[in-house]
Amino acid sequence: MNSKLKQIQKQIVESQIWKSIFRHGMPDDTRTRAMVVLSNVFLHLHPVKSREAGIRVGYTWCMGGITFFLFLVEAVTGILLMFYYRPTAEYAYSDIIALREHVPLGIMRELHRWGAHAMVIAVWLHMFRVFMTGSYKPPREFNWGIGVVLLVLTLLLSFTGYLLPWDQLAIWAIAVGSNMARATPFLGHEGPGASLLKIGDMNLVHAGDDARFGLLAGRMISEATLLRFYVLHCIFIPFVASILMAIHFWRVRKDGGISGPM
Amino acid sequence: MEALRHTINAFATPTTIYLSSVALFAIAMWKMEIVVKPLVMIPVVIVTVLGTIFALTDDHFFKLVTLPDNIPITIMLATVGYFTWYALKKGVENDKRLSENRPLIEQEQDRRVMTWPNLVYIEFICLIAITVFLIFWSIGFQAPLEEPANPTVTPNPAKAPWYFLGLQEMLVYFDPWLAGVVFPGLIVVGLMALPYIDPNPKGNGYYSFKDRRLVIGYYLFGFLIQWVLLIVLGTFMRGPGWSFFGPFQEWDPHKVEALTNINLSELLWVKLLNIGLPKNILLREGVGIVVVLGYLVALPPLLAKTIFKKLYQELSFIRFQIMCFLFLAMLSLPIKMILRWTINLKYIVAIPEFFFNI
Amino acid sequence: MAENKKQFDPDHLFNILKLNKWFAIVSILLLLGVVGLIKKDYDRDWKNWQRKFRSLEIKNTKDEITKVSEDLKNSSEYQEAQAKLDSAGQELKKNEIDLFKLKKELADHENTRFKTDRVFRDLKSVTDSLRYELDEAKHHNDRSVNRIATRLKKKEAELQVARAKKEAAEAVYNKTQSQINELTASTKAAQAELNKASSDLTRLKKKERAIGRSFVNDVLRDAPLLDFIDPSLKVKEIIVDDLYDDYNFAKIKRIDSCTTCHVAIDKVGYEDQPNPLKTHPKLDVYLSSRSPHPIQEYGCTICHGGMGGSLDFVHAGHAPKNEAQAKEWEKKYHWHPLKHWDDPMLPLQYTQANCLGCHKKEIDVPKGDRINQAIFLVERSGCVQCHKVEGWHLKNKPGPTLRKISSKVSEEWLSKWIRNPKSFRPTTAMPRFFDLTNTKDYESKARSSVQVAGIVSYLKSKAQPYEPPSVSLEGASIEQGKQLFGDIGCLGCHSIDDYPKIMQPQFGPDLSDVGSKLSANWIAAWLKNPKQYWPDSRMPNMRLSESEIKHLTSYLLSKRNTAFEEQKLQKADPRVIDKTTLEFLKARMTLKEAQEKAASMSKEEKLHFIGERTIAHYGCYSCHDIDGFENAKPIGVELTLEASKPLPRFDFGFVDIPKNLQSWIYQKLMEPRIFDTGKEKAYLDRLRMPQFDFTPEQAELVTTFVLGLKKDDTPLHRKPSYDNNIDRIHAGRALLHENNCRGCHIVEDMGGRILANYESARQGPPNLKGVGQKLQPDWFYQFLKAPSVVRPWLNVRMPTFGFSDHDNNALINYFRALDRQTQNYETIPELARSGDHYMLGKKTFETYQCQNCHKSPPYPPDTDMENMAPPLTLVPKRLRYEWVDDWLRDPQKLMPGTGMPGFFYYDGKPMTPESEDEVKAVRDYLYVR
Amino acid sequence: MDIKEELKPPQDSVVVEDSYHMVTRRGFVSWLTVGWGAFAGATAIMGAAFQRFLFPNVLREPPQEFKIGFPNDFLEGVVDLRMQDKYGIWVVRGFDPATSQTGIYVLSVICTHLGCTPTWLESEAKFKCPCHGSGFYKTGINFEGPAPRPLERFRVVLAEDGQVQVDKGKKFQYEKGEWTQPEAFLKV
């Protein structure tokens, strides 16, 4: 009986289909373990071997990994939410109510929202750890810079998502936030220097073409803003962030892996 | 109990909280070796926990803290607090090892090990753990949803998302173009510039404190005091009308605060010289402009000659200028806050004609 | 160290066993978390309610089944059908062999029919396509035309043959089929009868199968993660097409999912269940498809408020009707007030506020008892005089004119009255402005005295001269005055302590203390003709004789309030006068100017000035006509959209009440100055709304009214239609209100409160039902202008209101609109005073002895007033020709309870042709007699 | 260092002390099995939940039950196409061979083959589906093309107010012999 099972198992493992998918056996010796890491698209972010200090949670706090994982969680829950959310003034709010009241697994919204907050915290802590271990120092200066941009993108992701429920909390948080854009020096119509920018009688910067207008797609928050933030939140920023993340991870490897004492 | 709450409410003003936090921060920086000792930290933790439990018995405070959108702040405070202590403790430990010529913690762990299963397995466990955490958080707290967006009714208070509340708090002291645009820009630029203006080769790849005291102090001041503390103030203590409330004080939308601020030019021309504001803008704001330019342009050379002498020698001229500019920009917030609390100063330079107020 | 390194396995830095343990722990937690997640998502309160409802229905169905099967057993119909079926079955058995044969034949015929039909169809499709080909070929002038044509012809011939065969086969088939039918017809009919008799049982059993207990129904249907296949627990939504929720940026269709929990709200038969499984208590007005507000067209939230899209008790915005219910809900449902919704549900006692949304311009909202009472109270209290409310401003100020006040009351009386009106007359609508929660202290009292003195001084100095003619009360009897007061109808508007109070609140003032207020001369003059003192008075002329006036005057003078007369008046302190003057002056000029001005004024001037400013401060002119304030604006906050104001705009001060609109308004009405409590405010900055001394019930009513004042986006076609008729009705109702017609008469089945004073309804003012149909407009007009005697046996008299032509027409139109009468001018046919018809009328008239009751004046002294009816001499001018016909046929139908016997129409049986003739003859006789 | 060099399995494999082998096989298996079991369980539930997520609990579709007018609004022998756009039905008044009676019946506009909407061809007196050429008689019976069964009919009754009421929630299929049921057809 047992031998029969083994026979079947052997047949499966040695079939062409199995072999085409799994390029190695069970990872129970050093060689296959290396193979696993090398041949798996996700795992190959890691080197085959790392310095002991660099993999200890006590050193890294795992915060970078957690941030990346939370990004994936946000992506998955976000995609699912898109099945039930329409970014229009008419439906946005009632779709959120629907998520709360009767959409199956509407709790996805909670996962998404709290995941976003957790991601912000995780990014801060990751940066804090990198700073405290001096890991921004040569040769990792550039990657630190990328990291700073990723931090900003994380905050922007959260900020753009804040508008989507289209409730009072949302639009006034965005109103407070976006009103600052009108005070941008030279680019906002109430910013210092904006009134100096004119050609003849034509004002170059006014409420109809300043930085805030670009952000809100109008002089005030409207349905167009909702759509704009939706696109920023769902496509534009995640797209940019993904590219930068690829660079970030790649540079971690190229700059010598996780930092450690020279 | 009630009396204690009243005392705390009375004590809790932006001035006292901010200044005492700065004082505590300074002490910690000065005597870090002692501060991170468990003997010191355990009582601190106990006091914090007991204090929190006491505070939670208050209805208003309880409601405020358990507001779903404020939960992340609590989590942030706990994690940031813990990790700050943890990192500094390790740093102090490494300092000690260095001074005793022993290998660093990280140097003891320089063996090379297989990624599979060592790293992959802990990562996997970590990820499941964080998922579990997120799931229980979601079960416990419903995401907030208020009334439908209404462009004509502003809720009181209207707050930005919590992670931007530091910036919103800054708006009390600075014009939007500074607090909302320039300072956030400088934070980003400053952070990116950090590797280039920190000349210290020590402390690369391991926790340390003593060798990097200045830059760590600089960073922690920005992070803990100027960012985290302001978020806490902005969330828990700013109520309707952006008025300041003690932690156990009911948020009354009709609270009246004495707020009469004065510009530097008015202070000078009207109050001191008693001759009225001059018509010419440059003349009117001359003193303010001189003060600001002096602060940003004249101060760096002075610093280079005096307290930053050593640093100036390590850095080149341009790097030192950039470093100084960022440093002074960061310091400008506490300076402006103190000026506001002491002499009700509104603007140092006030040219509303061109939306240029500092 | 080196030793260690050799021992080290780079594959296993950590203890795998320990990591496995960690992995197991977090995985188990993950599993628990995921299960919890699903559970949280699945567990909903509404499901429990639907489950409960299902249990209820199962029980009901079972009970019904037992009952119906019991009934069926005893039903003869069922027994008969059963018997018929049995006998038919036996009959069929006899023919069993025939039937079997026939069925076999039928199968054969079916085969043939099918085969022939196939052949026919094939040929048909071939010919169709050939025809198409032929058309094409012709069109293209193809050479194949002829070939195709021949083929088609051939096929068509074949088709004819096939058709004949097919039809023959069908005929054979049908014949056999009909033979079978014949044999089985009686069985089928019996079966159908049986089915019909037991259809209720079948239906119930089917229902029981659908909802009853079973594995599928109890477990499978609504299992978590499987409940999308065919769940029994479902969210129910009513999507109302053209009523909208205002989401500010967009208006979205109202979607009410209330019926998800309130499952039985529109189903009859669940009246005794607890909420939410209860039937709506007023299905005749709401929800049912026959009511004016069917649930599919109006939903729930348009009336009740709340968040219709929510399925959660708290989020839906349920509002408790009192503290106790709030406590109960907190325990049961974790209830807390819903903050984040603009239109919260209203507590039950305030629900009728939302009637005002659509029934805006309506007076007397049908079946809106509470809102109607509220409107009456609001108008009587003059709320809308100080607080502007679009569309509600009163034409007449609710308080009397003060232009001739010095001739009416004494200065002392006036001072005491202003200080505290209720100490003189507890039922007065005039509110109290002084000595309230925020003005109780000693200093405020002194200031109040000064203000009262100021008002009196101002009113006195502005008063126009008026001297009522003096009257002697010689020979007047208080007893007779009292009698008159009760008889002639004063009680329709006024109350007095000698008679039971029949109205609450009253329309006119209570007169129990009036002797302490007015002089004999003034009363007499007023009774004679109120309009000569105050042209806008709503008091009508009672057409009293000189002696009647004397009796009534002496009666009223005897009504005194000694406690009030003995009340001491606080004197105005000169220092306070100076201070108050200065404060009023300061508000308009600089401090220095004010001081100079004050110094230049005499005490009298100061008092006059204080009076003027105080009247302006408290807005007295809103309710009273006061010289010098003709164009002054009302002082209150506009309330047109009060209920749409965001809550933070209401100052709750330090008063500990629930933070919601209705609590605030209620509190404000009960104690108008309460929100000053605990605040340091200057005397003139304090709240100034007066105390109306509402009872809790009244305060709730007024709150209901205010809660109805909000933004309204209901589309016009959803509101009651305003056709010409309805406009007339509303105009009439407004006049009824204004003149308190319902104090005496029953109109539209409401009012007639005075009738309680009379032994029988016959002794009181008539019910005005159907007068629009009954009266000739000309006569009606004359009557309203100058009432004449119609019912000589009545003591109560119709007063002369002195209506304008406009009002007169409006009233007549109103009554006619109620009865859907549109023609103003009608022809009464020329009638002969002789002939058979006339004689028949005369004979019938005499046979039934109409004259016995319908006596004509003059009346001898011994006339039997008990059984008298209106004189028939009035008929030709007064009554409509058609109406008399209807009336004679069946008086009870037009006026239930009338004393007029139905001579021609008995017990619902049709009238004979003879009595038809009689009715017409009597009617015509009355017009030409 | 050359990675390949490092990756060679240890020459003297016995030297290595391996925590893997240090533990009893049994203990090791049980913890790991519990872990993987729970993880697989959680993943499976989550997978099922995602599938459940795709089926909303609330549908906002046009009502299934509606009134279409009085019987006299429909002409004898005419296929009424007016309700096609709004309600997705054809109303036919005329003789119905299935019940051998004259009256009104309501046909679904969905072809029983692959769900296209056939067109009514007046001249040929048939419904013709544009997608694959199925043809149906006025009664709904299929007679040509690939359609496997006749068109469906909907419940049709007379409402209290005398209007014809249609309920799309209840359908009648010819092949199941349902067309002879009382509410599949309204006798006029």
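Order as written gives the chain letters A, B, C and D; numbering starts at 1 within each chain.
As a working rule, a contact is a pair of C-beta atoms (placed from the backbone, for glycine too) under 8 Å apart; a residue touches a chain by one contact, two chains touch by 3 or more.
Model, not experiment: these values are computed from the prediction.
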| item | value |
| --- | --- |
| Which of A-C and B-C has more C-beta contact pairs | B-C |
| Length of the line joining the C-alpha centres of chain B and chain D, rounded to whole Å | 59 |
| Length of the line joining the C-alpha centres of chain A and chain C, rounded to whole Å | 57 |
| Rounded Å distance, chain C centre to chain D centre (Cα mean) | 46 |
| Junction residues of chain D, two or more chains touched | 20, 39, 49, 52, 55, 57-58 |
| Numbers and ranges of chain C residues touching at least 2 other chains | 10-14, 16, 23, 27, 30, 33-34, 37, 40-41, 228, 235, 247, 249, 255, 257, 340 |
| Where chain B touches two or more other chains, by residue | 111-114, 117-118, 122, 128, 131, 135, 138-139, 145-151, 153 |
| Overall pattern in which the protein chains touch one another (line/ring/star/complete/other) | other |
| Of chain C, residues touching chain D in the complex | 6-7, 9, 11-12, 14-17, 20-21, 23-24, 27-28, 30-31, 33-35, 37-38, 41, 121, 125, 225, 228, 234-235, 237, 239, 255, 257 |
| Footprint of chain A on chain C - complex, ascending | 10-11, 13, 37, 40-41, 228, 235, 247, 249-250, 252, 255, 257, 307, 309-312, 315, 340 |
| Chain A-touching residues of chain B, taken from the complex the two chains share | 69, 71-72, 75-76, 79-80, 83-84, 87-88, 90-91, 104-107, 109-120, 122-123, 126-127, 130-131, 133-135, 137-139, 141-151, 153-155, 158-164, 167-168, 171, 175-177, 179-182, 188, 191-192, 194-196, 198, 201-208, 212, 216, 219, 223, 351, 354-356 |
| Chain D partner contacts - residues on chain A that touch it in the complex | 28-31, 34, 48-49, 80, 83-84, 98, 102-105, 108 |
| Parts of chain B lying in touch with chain C, wherever the complex brings them together | 111-114, 117-118, 121-122, 124-125, 128-129, 131-132, 135-136, 138-139, 145-153, 156, 240, 253-254 |
